[in-house]
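Each of the next two complexes has subunit A plus one other chain: subunit B in the first, subunit C in the second.
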Partner chain A sequence: MTGHRRSVLLASPVVAVLLALSVAPLALVLLWSFWQWDPAIYWMRPAFVLDAYQSVVGTDRLIVIVRTARIALITAALALLLGYPVALFMDRFATARERTILMLLFLVPFFTSYIIRTFAWRLVLGRTGLINSFLVRAGLREEPLEWLLFSDFAVHVGLLASYLPFMIFPLLLAFGRIDRSLIEASEDLGGTFGQTLRHVILPLTAPGMFAGSLFVFVMALGSSVEVQFLGGAAASMIAIMIQDVIRVLNFPLAFAISTSVVLFLILLLIVGSRFLGLARLFASVAR
Partner chain B sequence: MVDRENEGTVTRDHASNISRRRLLSILGMGGSALGLATVPLARRGFAQPSKATVRYWASGTMTIEKFWAQLERDEGIKVVFSDNGNDPGPVVSRMVFGNANDLYDVGGLQGGAEKELALRNAIAPWDLSKIPNWNDVWSWAKEIPYTQVNGKQYGIPAVVNADSMIYLPQKVGKVDSYHTVFDPKLKGKTAMEDAWINSAIFTAIYLKENNLLKIKDPGNLEKDELQGVMEFLIKKKKDGQFRTFWNGWEQGVQLVTSQEVWVMTGWEPIVYAARRAGVQADYAVPKEGYEGWSNDLLLHRGAVDRKLSEAAHRMANWILGGYYGAALSKLRGYVVPTDHSAMAAAKSGGEFDAKVQADLNQHVKNKFFSKKGATHWQNVRPTHFQLYEEWWQKLRNA
Partner chain C sequence: MPVEVRVEHVTKVFGAITAVAGVTLEIQRGEFFTLLGPSGSGKTTLLRIIAGLEGPSSGRVFIGGIDATDLPPNRRPTSTVFQDLALFPHMSVGQNVEYGLRLRGVSPAARQARAQAMLRLTDLDGFYDRDPNTLSGGQRQRVALARALVVEPTVLLLDEPLTGLDEKLREQMQEELRNLQHKLGTTFVAVTHHQDGALSMSHRIAVLRDGHLEQVGGPVELYERPRTQFVASFVGAANLLRGTVESRDGHAVLLLGGEALRLPSPPPIAPGEPAVMVIRPERVRLGADSRARDNRVPVEVVSLVYKGAVLEYGLRLSQGQPLRAQVMGQDAGRDVRVGTRTEAGWDLRDTIVLPGGRGDGGG
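Showing the complex of A and B:
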């Protein structure tokens, strides 16, 4: 038996488990999304119809998908902007002890329920919250800022607070993989910190930037609590919309929404791979 | 999803149910006791009860936990309670198409699903002649429209109450109309619940009773009525009328205690929670009337097939007999629509607080007899419930 065959044989159980756990459910979701919901039996009947997909388009549900994607993209971009300097500082300038303390600080909020964490932002951003109280008492504002809470701003704050560590930790891993001699070579050749950052560090941490952005984007895409607690009146996200649909038992529609989201994500990955070279970054991560 | 079953224990709880239970328990009737005196009313009409086990699948708030032991002592009926999650959609689905009729004998659900379940033969009508305590149920509770189908009693209201608005009198003065929720002067200071089951009916009550829209039944809107109601809500949302739409007990309380919202439709116990937090809040007596709601006992078709109908009727009679009502009020602050619970509390030798029970009963009665407006009953399964969801989505996107 060749080495290649042996490795294929050894990997096959794991591959089978992965297929069973990830591909099979997705295939079922895709299949059921074409079935027909029958109000007479409160269940789906086998069929191949586009009713559910027509509902996705016909009742403005696409708007929710696009809106959710926009919020997730902005959150990922903001997380990168905030997370990169933090990771850079932790890797390049902090001592080992400081790095450990900072990592713990980012982790401690996760020891509590995410619902509590999100809810706490109401006490900070609200009309009588910490920020508005300070602004009014300091004489900086006569009236509290209404847009701090129950707004897209508040949603982004909540999402960033929830998912920022998922940007920082992949970045730290990427920083850790940089060969220090490359940075020293740049400095020895007279490169300023800015030049070293631009020409050495940024390209070498690109896989971490992408991995972190992907984590944050996907997690924000599936979030609901932040919008329910901090968003405007009856604001929606994909997860909330699916909840609403499941509540009235329209399962094919719920599956059609899920399929649309998965297709949207695949499309994004294809575009990213073609125009941003994301596949190469994946390969880099794999190495 | 598989339900874990435990005698006298809530096994699975829906978020909103937890909220209800918690918020109602704040009425100051905590504590528990075992070994209470038997309430004679519960035994009326059954000389030699046979032993049976009844599997009761209801909203998590309907269990009286260890107090169920009294039913076994009184009637020889052992109750195995399972929480149904209180979400009408999945409950109806499991009743009609799933295995709920195989697994459970008696159901308990917010009113409105009876017609659908009866027409699909998932539930059977109660034989009221076998439930003598039914005669003493408050007359208006007997007339809740959704509990009857084709003249037969399919739902027995085990709990009744009515909801309106919570408001801050120091900010908005005395509130006696739903108009306040939609008043442009209070733009950004009002809220409604993030659920069409409640918010559509509140809006419909307002529009109907003020002759702003022709509506026959706010609890079961026709397509054009629903369109009118939802377009009104969508316009109000676009105008920035609502600060937010609230979800669950904690959010509701926080909105009021932080004074983020000055008036909102919601549950009365939020008022008590706000007062305990030092915020003066009141519960409105709206001129348009309340949104009444009931949690109804349902006789599963499967129980009839399994020859458990007799035991189910004895259990229903016991639930209306007083002891259950006193225990439920003590645990949750809920009211069973009969004076038997007050009588049971009075005879309990101090285990139940007779005055608290009587006051609670009277408080709920007053809502229905305020005569300020009609009571419009909540309906968890309006005819066009799919359309409700579609409109709610449009509201979300607006």
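Showing the complex of A and C:
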């Protein structure tokens, strides 16, 4: 058996798994998104029409998509703002022991169900929740704050609590890849901590920032529980919209929404690897 | 000459390990000074303490007469060329070299001009826009040199500048460093474990061992007059003949098995004490050439290695002590071959006699 044939044979299980679990479903989603939904039979028929995509860009649905993207974007930005100093501290200033403790602290909440975790925020942010009862009892407020719960604020809090670790871990990976001597060289050449941060640490952790932001953004984009539990009455998200559409069995529309989102994310990945060296970061994982 | 760097009773402890143990030394302004020692001798730690990258556990560091012990690296007039060079991978060669000037707020035009001038000086003309990741080891080293020198430090610190280069490049780098130092007049402090590099580059060398300072001196002094067995065997190759000093017919001799070797008078070691006679292999004469020498002993030739310019003989004295001899070309004569017996001789002026405690064993 030649080396080439052997490697093909060795790779075949992986290829089969990829085909079955990734490529095939995506291909089906793409195919069915062009089928025609027939209200008469309440099912879809084979066809090649753009009806579903026309519905996606219809005003109401587009508003939800843009709103979801905005929430996801703000969540990713906030996660970066909060996560970067945490990762910086963990990498540069914490002892090995402190680092382990911090990582555990970020992981332990994930041992409980995300529904419980999200629901718990109601008890913190609600009218009679921890924060409001403290504010009222301490005499800082006459009335409890209304905007704490069932608001975009609450949604962001819930999303951040859920996805912050997905920002911190890629960042830690990026920090770990910076040689200590690069930081020392910057200091040695006269750099203050701020200058070193700006000229050396930030540029070299850009791939980690992008990867973390992408993780948080993608997950926030697909989230529904946080909005359902913590958002206002009219709040919707792409995921909720897809659920609603599937409930009435309009599969082409559901698939068209999904396809649009996937295409958008692929575009984002291309931009990221093109300009921010995402491949370099993942090369370090593969190494 | 004024003192540029003064290290005073500096000790550095890492956990249970004492990396530097009470070192005091002075480095003159405009001098090429080398910290020489095997790995683990504390030389790099000492360099990092001068750079401010490590703080000493105790002791003080003065740079240019100012107590710099508590100054962070960015406030010291020192620049470091790191062992791994630490070139910024996201910057071009030019940006790397300009970095220190950029931090000091030098205008883009001025810093580019200075960076270009420094690149010319380090023989990197035309490399300004190159990506440092695509350069060879020697070129990267010169970028690191240019980057450290462009900020006009009063002291340039070089951490193992000769490591990681092949032999030819290493000799070239020694030469370049020496020329550069001569041209700029900046104080250079280098760390190395290459004793040949240290000898050829430096004005003065400090030999370190286990965190202690063994000896400080010029290359000739260290080679010709080592004060400890460690320095004798670490700086250049050396034969260490161990014996006891005795007095015979009014002369001091070193008793070594059956041989009585003449010692210089007055003898540096009292009779009855153990002593070590140090002889460089190239000062040992063989065969006919050994005849008129102060000391002469019968030896057996155990090995012979041809090294081009020299022949290296492995010899054995009557009681089994090994002795190495290096002979130019055919000086020893054709009759000196492996398995034959001959005589080895050397002059007293080519020997150093040191106290013979085994604890000081060294090599």
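Assume the second predicted complex is superposed on the first by the 240 of 287 C-alpha atoms of A that agree within 3 Å, B and C clash if a C-alpha of one lies under 4 Å from a C-alpha of the other, contacts with A are read in each partner's own complex, and residues count from 1 in each chain.
Everything that follows uses one rule, which is that a residue touches a chain if its C-beta (ideal position, glycine included) is under 8 Å from a C-beta of that chain, and two chains touch if they have at least 3 such contacts.
Note that the structure is predicted; figures quoted are calculated from it, not measured.
When both complexes are superposed on subunit A, subunit B and subunit C sit side by side without a clash.
By the touch criterion defined above, A:Ser181 lies against subunit C but remains apart from subunit B after alignment on the C-alpha atoms of chain A. Looking at the shared chain after the overlay, A:Glu98 reaches neither subunit B nor subunit C. By the touch criterion defined above, A:Pro203 lies against subunit C but remains apart from subunit B after alignment on the C-alpha atoms of chain A.
Once the two structures are superposed, subunit B and subunit C can be ranked by residues of subunit A touched, with B on top. Between the C-alpha centres of subunit B and subunit C, as seen from that of subunit A in the superposed arrangement, lies an angle of 150 degrees, given as a multiple of 10.
Between subunit B and subunit C the least C-alpha distance in the superposed model amounts to 45 Å. Applying the stated touch rule to the two superposed structures, the subunit B and subunit C interfaces on subunit A have no residue in common.
The touching residues of subunit A, when paired with subunit B in their complex, are 39, 41-43, 59-61, 63-64, 67, 119, 122-123, 126-129, 146, 149-150, 228-229, 231-236, 240-241, 244-250. Interface of subunit B with subunit A (complex): residues 87, 89-90, 92-93, 96-97, 188, 191, 194, 237, 242-245, 247, 250-251, 254, 258-260, 385-386, 388-390, 392-397. Interface residues of subunit C facing subunit A in the complex, by the touch rule stated above, are 51-53, 72-74, 78-80, 82-84, 86, 88-90, 99-100, 102-104, 147-148, 151. Interface residues of subunit A, counted against subunit C in their complex, comprise 179, 181-182, 184-192, 195, 199-200, 203-204.
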